[in-house]
Amino acid sequence: MSYNTFGHVFRVTTWGESHGPALGCTVDGCPPNVPLDEAAIQHWLDRRKPGQNRYTTQRREADAVRILSGVFEGMTTGTPIQLVIENTDQRSKDYGEIAETFRPGHADIAYWQKYGIRDYRGGGRSSARETAARVAAGGVARAALAALAPGLAITGYMTRIGTHGIEGARDMDQIDRNPFWVPSAAAAESWGAYLDELRKSGNSVGAEIEVTATGVPAGLGAPVYAKLDTDIAAALMSINAVKGVEIGEGMGAAALTGEENADEIFLGNDGTPVYASNHAGGILGGISTGQPVVARFAVKPTSSILKPRASITKSGKLTEVVTKGRHDPCVGIRAVPVAEAMIACVLLDHLLLDRAQTGGVRGPIG
Amino acid sequence: MSYNTFGHVFRVTTWGESHGPALGCTVDGCPPNVPLDEAAIQHWLDRRKPGQNRYTTQRREADAVRILSGVFEGMTTGTPIQLVIENTDQRSKDYGEIAETFRPGHADIAYWQKYGIRDYRGGGRSSARETAARVAAGGVARAALAALAPGLAITGYMTRIGTHGIEGARDMDQIDRNPFWVPSAAAAESWGAYLDELRKSGNSVGAEIEVTATGVPAGLGAPVYAKLDTDIAAALMSINAVKGVEIGEGMGAAALTGEENADEIFLGNDGTPVYASNHAGGILGGISTGQPVVARFAVKPTSSILKPRASITKSGKLTEVVTKGRHDPCVGIRAVPVAEAMIACVLLDHLLLDRAQTGGVRGPIG
Amino acid sequence: MSYNTFGHVFRVTTWGESHGPALGCTVDGCPPNVPLDEAAIQHWLDRRKPGQNRYTTQRREADAVRILSGVFEGMTTGTPIQLVIENTDQRSKDYGEIAETFRPGHADIAYWQKYGIRDYRGGGRSSARETAARVAAGGVARAALAALAPGLAITGYMTRIGTHGIEGARDMDQIDRNPFWVPSAAAAESWGAYLDELRKSGNSVGAEIEVTATGVPAGLGAPVYAKLDTDIAAALMSINAVKGVEIGEGMGAAALTGEENADEIFLGNDGTPVYASNHAGGILGGISTGQPVVARFAVKPTSSILKPRASITKSGKLTEVVTKGRHDPCVGIRAVPVAEAMIACVLLDHLLLDRAQTGGVRGPIG
Amino acid sequence: MSYNTFGHVFRVTTWGESHGPALGCTVDGCPPNVPLDEAAIQHWLDRRKPGQNRYTTQRREADAVRILSGVFEGMTTGTPIQLVIENTDQRSKDYGEIAETFRPGHADIAYWQKYGIRDYRGGGRSSARETAARVAAGGVARAALAALAPGLAITGYMTRIGTHGIEGARDMDQIDRNPFWVPSAAAAESWGAYLDELRKSGNSVGAEIEVTATGVPAGLGAPVYAKLDTDIAAALMSINAVKGVEIGEGMGAAALTGEENADEIFLGNDGTPVYASNHAGGILGGISTGQPVVARFAVKPTSSILKPRASITKSGKLTEVVTKGRHDPCVGIRAVPVAEAMIACVLLDHLLLDRAQTGGVRGPIG
């Protein structure tokens, strides 16, 4: 996990900037003989694609992925898979006036200080466009997981947008029926009104997203510095604008007693462990238990807003910034498929890593 | 960052179990010519040492560190530094009755499922004793930081224990004056009473800890998968019992608008950027800005409690678990020096990594 | 250095197969603000390009490189550099008859056994076409070295082809004047006649190549498992068909006494060390001394020959193989620019790594 | 493979200097449930132990290994294994006079230039004593290989000492019957006389060692930069004083034609491939074929000799060096068990890595 690569044995390196000719990723370590084609990857990219509704950036990108290597006659070969997505709608002129000015809350100033150079046509490498490559990599991971861990399912959904959470019970069937992937028809409606208002006022807002993975085999995670939760935390925190990551009870665990937090264990009909609760979020000591893995994270509001904010220029002058252009009022919305992709990559990585460590054999119970 | 090693170029590998003869760490990548001796490391270990007050485990460990390599005549040589701490007070008999039973909320069952073998005399590798090695490694990192980034200071403190937070203003001078490292004399008192009660009832409780690093140079962090916040998230999440990690606003960022969250930028007298606020926690786009780096995390309550909980045995029988022995009623207390150590390691790692990437040169402003 | 990536902090991941749509590499860790454009990389690719004379494969590839990321307005930005080369002349029909048969001495059978799938249209990932991506990466490394270590020069040349070595003194000015990059006009002539004969008879032949790097700063190399010679050995051995690697005296060191082998040290006019000889090949204890770094390696003869050889088929039948198609009679010739590129990458990697370790400061003499 | 660690998933980090209190290694990634105790590791250390005959250094070291972690009740647990060997016979006074002077051909000057500090009591980290830790790690690897690849056997032996090779046929039964591990009784005798003479004259000499591994499963090796031969080359080149590495035909491959070099393939009675020859040394395209893996390397003569050689001091003065003390006249002798250990580590690493990549499934033939 260094610079632009993540993963231990399933290794993904993303490359590309928001306003260059293309972006993509090199996926190394995918097992051979996994069925894979461009359509399988495109399916996931289409979920992240901008411009699908009024709540995401109006930049129009086809986000069409091409496989340049590593697949032969519809099957992976065990060699690196190169995925390329062309940038087709980068309008540099929109960004012209911010070339010299640092947007408050944006990575502009940090990149400038570190590198002394940045692609001032846009966010460059810090743009959320980089996440398209992650979603493509996640498509590869999903294909391999389908082959190696057939019952495994990964679902992301929003649980908060600004001051609005979900009231009442969650209805997971609603997730694919609204632009927020929120598991509640009522929330979808009130969130829409709330975001419309924010968008019109030129403001933006943060969000909280949760991802649940069911069917995760017990025994994934490599103590003590490649724990499954450690790698999930890193994977989610590496997504643009993320400021917090939680597993299971998350930050709320600080308020619990040991008696409350202990997930009592019983026996299922087949003699396997059954847990009475899942405060742990499916992970104990950094290793999956077989319970659903539950991760949650917070995305800060987009820093590119129409509201004027005080800032400085590269040449050291005070100024005021108003960012025009086509930006997501809530970048958290499109973070849902990105997070799913990251979780898919981490789980596959650990599945392969566990084969190396233990050969996939499990300590018996009973 | 694989298995038992963390860091990119300042690499720490910890080893050892709670009930083996010793534990320690191999620290590779420390720059040469850094003044270092055992006393400098012991200073930090003494802060984490158990048995110092009634709020931590009564296990009595000297936690005396020995340097076996990498230091010559009081200076680091650039070669691996081996640090060893002997286990002197492991009483296996305390643990005998849990050899066959899995403690709810504990890593016992996960280790068994993964490895099919575990050192049943205690928590083995999943025990909090492993963190002594981290603190030792942190001592090395602190010594190197003192040489390379003289103004840098790292301070950890508790901000919550169970249902008790801090009321009123924080008084950082109080941190070293109470057993909780809490920046409030009033909180220290009420927390003591609260924890006494919990301890006597055989229960345990979670905690929230915050670490602030001031004097961190701008430009640390390697986008996009070795971001400074990514590595901090991984470092903190890898600590035993941690369930959530936050940078700056953390999970609270989900509730903010872009207008609220933007840290406005002004100019200091010396022409460097001055920020009106620090919602970002000192990190933008994964790169430090020069503002204080602020990280926060939640520790779940110790799973070893006297309260009976339902569980199963290795042979697949239902049972009830009551864990005797000497356990921390709030393992979060001793997580404070551990977290400081992890942050020290991450900051040094990124300082060295940045020298590789940019030679330490910064893009000028003004 | 895992799977398809090499390097510690200057990391190159190559991807692509001989008969896919394209191949290329992701170069991560190049410092920012290095002047770079496609022409600078193309210069080195043109040296490796096939079909330039009758001694290399007649496959006609433009090997035109495109930079898709990491460069802005002619300067590197510190972000990953994606280089793509399209395959334009892959004629799969040439290879049709070997789809089911394993060529003796070729990686066909090993890939099949490992992966259970292979791109039977050609050598796939094991083809020498993969080395085009290495040469492109070497172009990036050369550009960075030009900026960071201006006096450094890397020169590769052949020293043996089959039974023919070099007689008489070497004339380095000849290297660029003959198709073998051999530092001898006489050798170039006799080698040409020798190889013509072998080529016409449908045979192939091995070669020995030497690379000398002058102007390498003292102090590069990270003991004890990232030694400079260790990494050079790995880099050269990873090139297709290489079977031996030597530093300085190489295998001949086995026959020397300590008295003969000791490179006596004197003082130059400027007080720096001057060596009376260079048996060490510029590296002691894995660290560069400031002397020229000298590495040598042997390339086995191309396994694709017109001479019939006994083999088996995938379905387990005995057969005889004659490989038609367009193959290099001496694949060692085109290994010269490839080896130069690998040495460039290793030297840059260690230059950057040394900045992390020591800040580039050197222990003074005198 | 960075700094002091080698291996991809079976990772060995060695630490310690020749004149510190101890040296050892951290072995991470050993599978669980492998039978292991100190005696099993000591067996291999005893082969490398100095002072066993008049041809190796007279330093008397027990080289007694202690296991500090990772083993419970005689079985590995899957957690890091810490192995420690105390230094008991370091006589610093022997080295006193060379504290300020650089030995020609020795790493002294290189370490000084790079680090600006070195343990002048001896070779420090560059001493051959570091290889004791490798042999200990190799003992762990052997134990795991015995469990995972029962038929695998690794044998090292010398094939040259200075001007003396082996005449006549090799007799592998002789290897354990002479101090040179040479497979020839006649060679053992003549080599003894030759080395006695060199030793008495205060000189030293180089050596060539070969290691053969039989029973290596087909399919090990991860193209294209973690090839099996790439990793073997790195592992052997990282041993002190090694200047050349060969696989199969090695440097001699440069002189062969394709017709000569092609290892023709036939079918065994069980339908598996049988090769008529083994020019490839058991590796094609970086992947093992199932044939014996054959690696060879050259060790330069010890640089610490009684013969006076010209050199300089740290303060920049010309001088003459005569190295007294207890040094191996042929350090290559003790390199035999070291090389076996490195090959054991590499093979286990790739066995585990292949489980991650392919699950250990092989493409069928027939």
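So that you can tell them apart, the chains are marked A, B, C and D in the order they are listed, and the count of residues begins at 1 in each.
Please note the rule applied: a residue touches a chain if its C-beta (ideal position, glycine included) is under 8 Å from a C-beta of that chain, and two chains touch if they have at least 3 such contacts.
Not measured: the values here are computed from a predicted model.
*Asks:* Tell me, please, which chain's centre (mean of its C-alpha atoms) is farthest from the centre of chain B?
*Replies:* C
*Asks:* Tally the contacting C-beta pairs at the A-D interface and at the A-C interface, and name the larger one.
*Replies:* Result: the pair with more contacts is A-C.
*Asks:* So the centre of each chain is just the mean of its C-alpha atoms; given that, what is the distance between chain A and chain D in Å?
*Replies:* Result: the chain centres lie 45 Å from each other.
*Asks:* Using mean C-alpha positions as chain centres, tell me how far chain C is from chain D in Å, no decimals.
*Replies:* 26
*Asks:* Counting only Cα atoms for the centres, state how far chain A is from chain C in Å.
*Replies:* 39
*Asks:* Identify all positions of chain C at which a residue touches two or more other chains, and write them in rising order.
*Replies:* 2-5, 9, 14, 29, 32, 78-79, 114-117, 125, 223, 357-358 - these are the residues of chain C that touch more than one other chain.
*Asks:* Name, in rising order, each residue of chain C that touches chain B in their complex.
*Replies:* 9, 29, 31-32, 78-79, 223, 352-353, 355-360
*Asks:* Across the complex, what residues on chain D touch chain C?
*Replies:* Residue list for chain D touching chain C: 1-6, 8, 14, 102-107, 109-117, 125-126, 130, 160-163, 198, 203-208, 218-227, 229-234, 236-238, 240, 242-267, 271, 273, 276, 279-281, 283-290, 296, 298-305, 307, 309-312, 314-316, 318, 332, 354, 357-358, 361-366.
*Asks:* Note which residues of chain C are touching chain A in the complex, please.
*Replies:* Answer in residue numbers: 2-5, 9, 11, 13-17, 20-24, 26, 28-29, 32-33, 66, 68-70, 72, 75-82, 84, 114-119, 124-125.
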